[in-house]
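In what follows, chain A forms one complex with chain B and a second complex with chain C.
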Partner chain A sequence: MTDAPPADQSQTVRPKYIGKKVERFEDPRLLTGRGLYSADIKADRMVHVAFVRSDQAHARIVSVDTDDAAAAPGVIGVFTAADFPELPELSAPSAMKDYHATVCPVIARDVVRYVGEAVAVIVAQDRYLAEDAAALVMVDLDPLGATADPVAALEPDAVALHDNVPGNKVLERVFETGDAPGEIAKAQHKVSARFRMRRKAPLAMETRSYVAQYDSGRDQLVLHTSSNTPGVVRDELARLLNIPGNRFQVVSPDVGGSFGGKGSVYPEEAIVAMLARDLERPVKYVSDRLEDLTSTSQAFDEIVEATLAFDKDGTFIALDAEVIGDIGAYSIVPWTAALEPVQVVSFLPGPYRTPHYRGRVRGVCTPKPPTGPYRGVGRPAAVFAMERLVDMAAATLGLEADEIRRRNLVGPEEFPFRIGSGIRWDRSGFLECLEDAASSVDVADFRKRQAEARKRGKWLGLGFGTYAELTGIGSRIAVAPGMPINTGNETASVRVDATGAVTATFATASHGQSLETTLAQIVAEELGVRPSDVTVKQGDTALTPHGTGTYASRSAVIGGGAAIVSTRSLLKRVKEAAGALFDVDPDTVETGDGEIFVPETNHRITFPELAQAVYSDMKALPMEARKPLEAQENFDPYLGTTTAATHVAEVEIDSETLAIRVTRFIVAEDCGRMINPLVVDGQVHGGVVQGIGAALLEELHYDDTGQLLSATLADYLIATAAEVPALDVHHLETELPENPGGFRGMGEGGTIGAPAAIANAISDAVAHLGIEVQELPMTPNKLFRLIAEKQGKD
Partner chain B sequence: MTAIDITLTVNGETMTTRAEPRMLASDFLREKLGLTGTHVGCEHGVCGACTIKLNGVTARSCLLFAGQLDGAEVTTVEGLGSPRRMHRIQEAFRKHHALQCGFCTPGFLMTVSEILETEELRTDDDIRDALSGNLCRCTGYEHIVRAVRELVNERDGVTA
Partner chain C sequence: MKPASFEYLRPGTVDEAIAALDHEDAKIIAGGQSLVPMMNFRLVQPERLVDINGIADLGQVTAVDGGVRIGALVRHAQAARDTMLGTAFPIIGEAMRHVAHVAIRNRGTIGGSLSHADPSAEWPLLVSLLDGAIEITGKSGVRTCGTEEFFFSPLMTDLEEDELLTGVVLPSLPDGAGMAFDEVSQRAGDFAVVACGAVVAMDGPCIGSARLALGGLGDTPLRATEVEVALTGATLDDIAGIVADCAVDLEPNDDMHASAGYRRSLAPVLARRVLIRAAERAKGKT
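So, the complex of A and B:
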């Protein structure tokens, strides 16, 4: 017996799928070698491409001699810029002031601007023969000089990389609220530093791969691409190659990770598409790892000089920052060079109240591959700099790391809160995440362990990294300022076909995010079927009129929102048809677990039975009731959602070898309502480990002439399982955001918080030596130099 | 270059296929035999995505020539299980969400199938060391370690 009120019928009969650890529908094929990645595609008469790439950073092309290559066995053609009278040029326009769009011919025409830029393309019967021939191409380059260092590139005597980019300064932007310089000048307490986050590689395990197929009879071009933004690629190449979208299909099949590196439009995509059309043969290009490290867009290369002023209680007063972003040789298409460095100054004030802020950013062209989107965009460098300043301030006043954050984080009652750069934070668990993380580490006990370990020659350190980010950004905010692409909406179409099966179609493009499962969970819960009854289709421009893809922590929020509003429209149709069939008010019809019924009656049919009545059986329903069971709705959150987290890292440094190990890692995050906790955990883990890489291992090391010195996976190191501790993730759900599902984006957070937390942990570990971390990655070599410099000074 | 006959047993099936001796074993499996489950991530033996079993022992197929497969017995990921009849290792990976994009996964599965037979794997750190020859960029390894822990416990009759 119970006094509880009778349960809502729909609640009791309809299982909930959102929030469940549903096993992924992607897995059976991916686990058994039955996936289809672009490189797996084969076609009759297919030809293979190899590129001849520049081995100099900045040079005039004197000549490209292709005669020997053209005569080599199996070669079908050798092409240079001169062979394409209408050579497409990639250029990223923007309405942003003080911005100069660079121009990048898809094959270098007169000048090369980074090592790895394509100069010639070989087409041959197989890749081995194509590479043989590529070795026979003679490229005569006349060096133009190179200023690889971004600070030097801004000096008056620097070598200019582009005629239309005066002083190599591709963009400049200032955010200002209040009077930061004035407040800093009169403040009693302040800390300053020059932070450097080194250039890194997104390094998806699948390298960029493209297959273009042209059906000349139908004049139809299909490009299979490892891109995570097939819609963006379709729109841009349709324009450049002058093909209407209905005769040009871009498909992202299974994609082996991106992390941003496959989210821009690449010259090679244009080239294979052009060649397939010109040669009337399928054309395949699969980049090798060297090409990946030298021609895929690279990540955050920034210098942040910043000052934080605060009062005697540790309350922040003002923040001032000068940021230089090394954007490489070209402004990335379509996002522009503003994407990464501008967001550093946008997000620098972080989740804190800092009344006065001034942040200036300058983007600088240097002869290196373009930087582009990378997981976290702008925030990893911003959070690294700000969180270091916060800890430096705490050290000045003798406060613990959690206490100074507690005093400055935007409180629950203060939302919505606008920070000095203009970004608006909505309610999210800023303080709750901090408190959860802080209570998970016993700081007093840690200090004891730290003191004891030091006697054994082990330096332990504890570090916090607290941040907030905007995710699931709607059309109000361009992902990069002034960029003429709407990334803020998603259209879903959901239908029940004549067999009663459910198909949901999106313009997203999963490259590991599990969207075939999570979007199916959402549709299933809203429609009243099982997730396994729903097939999600995505990553194919033929399916949708518009859409951009999956990136920027957008697909759960915007795609999930579109799934909800579209499925609700479909459910209305289902209820109308069932109501007519049962001869009842449609509002009394319920669905659940694949059945359609009226509670407490004998009216109960399956989705296939309803489909039969609607589509095939011409007697069950009157003609006007036989409307197709299909709905398509758009969702645009207009603004974004605010996701917050605090990361805590514990490190151990061996005082003899200076080897740095992360020994413990805790994440407390608020991503709103979880669709699939397994997937959320997986995204956090993966992000954190990329953050560990950024903090300790990953560096694309360029010399003064623009040559990459870490161009293999033996030189460019990423974390293996052995460098990573067990990861402890705590999910907090404070107040759900005001969107249909209550979801917040969370795919990038791991990469945002981890570098800062580790930098602070290392700084804590070596504080007794009077040194601290101002550059990432921090390696044993760099730590040795810091100690030696300090000892030299003392 | 003159092609040669290569006779081998792949996933229990004996076959003879012609290929140039310089062709990499990874390309041979993928291009000549159509076994595209073996993935190529670096072609210099670091990432482990191309890991196969060669005469019962794991090997990097990108560091072998096709000719070296002559007379060999090879197992690729396709030989472990099928979508309808997954191998126990594959089931554990699915249960623990030990894969995201799936590109590195075939290499991990082949490595795991070996270390379950050859390594004691008493601690999770042992598992991490045993997996350290395979790179994964998506999962952060945590769920892979949990999947392997479950498999080790099953093997050892331990109830965790």
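So, the complex of A and C:
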């Protein structure tokens, strides 16, 4: 120990905050009930909104009689489409060819296209009275027939939902590299299946909530919204309502989750904003859980028919897929109907070398609520299908799940690697994550336990889910192909004010991602203050000229990148001012722990002292050195960065009751440099829990007429603590991506890998029965049917 | 999802409650765990709510001649930790763990569960299994009713609109009886897909007498009387064979969560498990 070199005093001893387990600054507020959500907002003369919603899936509106409702106690107004003739419809155009954008009136006009679509709006003194009046509105609907099944909706005799969408086909796209059909035709080994990922609900704990307030004296409209994309809402509603952005502010205060469901522009937001302006009263709408399940955008709902060809060693040759995505009644604004289904075919080849690929996707309209962004977008269904095919291939050759992946994953020397759909993977720990996960489970030992357990009537199964995803996507790549907005950049401004306090402003909108903490850690480390010295402001369109919000695993990468480049600019100003004050070369000035100093000198001041010198003291610095301590920079990663992981699930099935329990879960993931391991763990845990829900529980059951059968939380089942095992998360940092912080996005991965891993684990557990999982969620009831069908056939 | 307006009364005695029910559209509220969601969905819109939470003597578990009386206001959590019930009927504590979640167990009541009459719920099955007598108070006094007469169909009971379920008397079981409860639900705390309860008294190596109740397999909780008869004198090894066909003639619900076939397949599994567990517990006592 005595040989250790003495610490170099000239080296910065500045504490490092990136990578530290800093406890969340949000927690004291949110965990003690001091958060401020949209529904908490109260204002004088506030009125409350309830919607009358369609109880039929597809029908012509014959009449809407509002007379009794309008006369009901406490009612201020009842409005239908006829009352908003000037309001443009919601639509999301796309640059994709063969794309038919649907047109969605903010309130149903002439035709309703899903159960839950708003037909009339009641404004009353409170929500109770509004619901009393809503029950008095008489809606006369003439059924137009409904084709709720997506395959049937593509048939020639299907009922057409929109005049401008021929054959209910909103979009069609093909990705093709090499000759997959030809290679498959001549391949000796191939596996095929038809996979179904059922429709699910994002189900944020806070339902959609909007409060609009209009100040007629200043002609200022303010909308508080539960959205995670306030910038998108501002831009779209400013256009729809024809209000300039300087008179229209959209604020996302504390937001209780979104998972994608609150990240689109909703008709109710437009209506609430418009009513506040027209009535000149604050207007509040808080959707209830029934409305959340029937009118918030939904997830998945794809059929993937795919074939994987491989050689005798298990090396993949070709992949061919036909995908049908049920997009519901309307394309989601602004992301377009392409968002979810097209990403299924873009990501299907996954992290593997598969030289030949052909994937065709068709998006089909059915009379159900629109599908929209959901944590993982496209990838949960793609990874489910591909990872099942990989295990099926392994089974035909007698290979273990880890071995076939090892033989096909893109190796460290092969990056950047372009897969058959055109997606480019940059270096990420594909193999490293697989090896870490595989060594953690001890497959050989598991096979022994599996055999022993079978004697006791317990079917154990082990399943791998390996994937790669693109995160922090820059302006080169559209988050959804052909969509009309740019989500690839982020602007941050960081300033030291006259009190010496640091404020960093972003266009992100944290709704559970802990950005108040992680962005503060980044700014603090770059500037040389403590994280708790930094206040992060976000989620308010008045703060930034442009921005979209928080979604698509972008905020740590792009927002964090903007934080770094902006804070570096600010630090330069700090050093210049301090250099002038100390009369030294600015390059010799250092900062750390809230102090500004020149090492090995007596020059040492605090940020408040520097602020005093710059802003208030007119003698300390010459006028030209008194530049405001503020910097604003933009960051656009241009491309995206690749995040990889392998999930491993172990399940135990009771052979008699068929109850399925996830008994073990391992995640080995590479998200680059972690900003805060506590936050990374929390994001992975939350995502995996949702993935368990998608794999075992969550399903929106629609009947043939488009009626939702699982419209309460007694029937729409999500995973609770009792259904979740201890989650073992391993973080690997292979090679850092080439962005300012070395960060990769990781907010969505949990939901991407977990469904596939669990599907494979269940398939492994029941393999001896000759059945396998081709549909998620897989429930004991469905397992019972599969076994009965198999026994019936045999 | 807000209820329609209603009149709210909070009587302090059973007599006042009965008087308050003399109204064309009154509903009793106790724990509110079933009624309030139904009101929020406006599936029911009672004009008057009679809140019985202020009637203190309905919340007691008391020893009575030949058994234990459970007041209608006894909460699920209270029943689970009650020492008198725990000694006489340990199956109650075992079953209460399956009733929803802690917050619901702290509020929900036995009276509410019985009068709501969900055929998958735990209390209707337990009272049926334990041959309980349901005590109903009306204008003309108190009457008692067995579960066979009390439960008609889902949400339908023998309770008249101006009557109040005031308690349940569970007759004592013979010394040495063992009992067990189990259920299959989709998640911990969900309504049972199928539930089973058993009481077994041993006679040497054989079953002296057995009771078996099934939930989730019909419109009401069911006693498997034929199985009970066949079990008398049987050994533990015989149980699986005796219960194998216990649900073949039943026509349970067929819904998105569980097909009738799946529900039927669960009955003999759970029946065997609870009977064996009950028998082993009975053996342990003797």
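Basically, the second predicted complex is superposed on the first by the 782 of 794 C-alpha atoms of A that agree within 3 Å, B and C clash if a C-alpha of one lies under 4 Å from a C-alpha of the other, contacts with A are read in each partner's own complex, and residues count from 1 in each chain.
As a working rule, a contact is a pair of C-beta atoms (placed from the backbone, for glycine too) under 8 Å apart; a residue touches a chain by one contact, two chains touch by 3 or more.
Just so we're clear, the structure is a prediction, and the values are computed from it rather than from any experiment.
K.L.:
Just to be sure I read the superposition right, which of the two partners does A:Glu131 touch: chain B = first, chain C = second, or both, or neither?
P.N.:
In the superposed model, A:Glu131 contacts chain C only, not chain B.
K.L.:
Looking at A:Lys186, would you say it contacts chain B, chain C, both, or neither? Reply first, second, both or neither.
P.N.:
neither
K.L.:
Contacts for A:Ser514 in the overlay, against chain B (first) and chain C (second): which applies, first, second, both or neither?
P.N.:
Touch partner of A:Ser514: chain B, not chain C.
K.L.:
Spot which of chain B and chain C makes contact with more residues of chain A, would you?
P.N.:
Residues of chain A touched, chain B against chain C: more for B.
K.L.:
Which of the two partners, first being chain B and second being chain C, lies in contact with A:Leu30: first, second, both, or neither?
P.N.:
After superposing on A, A:Leu30 lies in contact with chain B but is clear of chain C.
K.L.:
Counting only touches as set out at the top, which of chain B and chain C does A:Arg60 meet: first, second, both, neither?
P.N.:
Neither partner.
K.L.:
One more residue to check, A:Thr720. First (chain B), second (chain C), both or neither?
P.N.:
The answer is both, since A:Thr720 touches chain B and chain C.
K.L.:
Just checking: does A:Arg289 make contact with chain B only, chain C only, both, or neither of them? Give me first, second, both or neither.
P.N.:
both
K.L.:
Give me the intersection of chain A's contacts with chain B and its contacts with chain C, in residue numbers.
P.N.:
127-128, 288-289, 712, 714, 720, 722
K.L.:
In the complex of these two chains, what residues of chain B are touching chain A?
P.N.:
These residues of chain B touch chain A: 20, 22-23, 27, 30-31, 34-44, 46-47, 49, 76-78, 80-84, 86, 90, 93-97, 99-106, 109, 124-125, 127-129, 131-145.
K.L.:
Touching chain A in the complex: which residues of chain C?
P.N.:
Checking each residue of chain C against chain A gives 1-5, 37, 41-42, 184, 186-191, 256-259, 261-262, 265-266, 269-270.
K.L.:
Which stretch or stretches of chain A touch chain B in the complex?
P.N.:
Residue positions touching the partner: 23-24, 26-37, 39-40, 42, 126-128, 203-207, 254-257, 259, 286, 288-289, 511-514, 678-679, 681-682, 684-690, 712-714, 718, 720-722, 724, 726-727, 750.
K.L.:
How about chain A: which of its residues touch chain C in the complex?
P.N.:
These residues of chain A touch chain C: 127-128, 131-132, 135, 288-290, 656-659, 697, 699, 701, 709-710, 712, 714-715, 717, 719-720, 722-723, 779-781, 784-785, 788.
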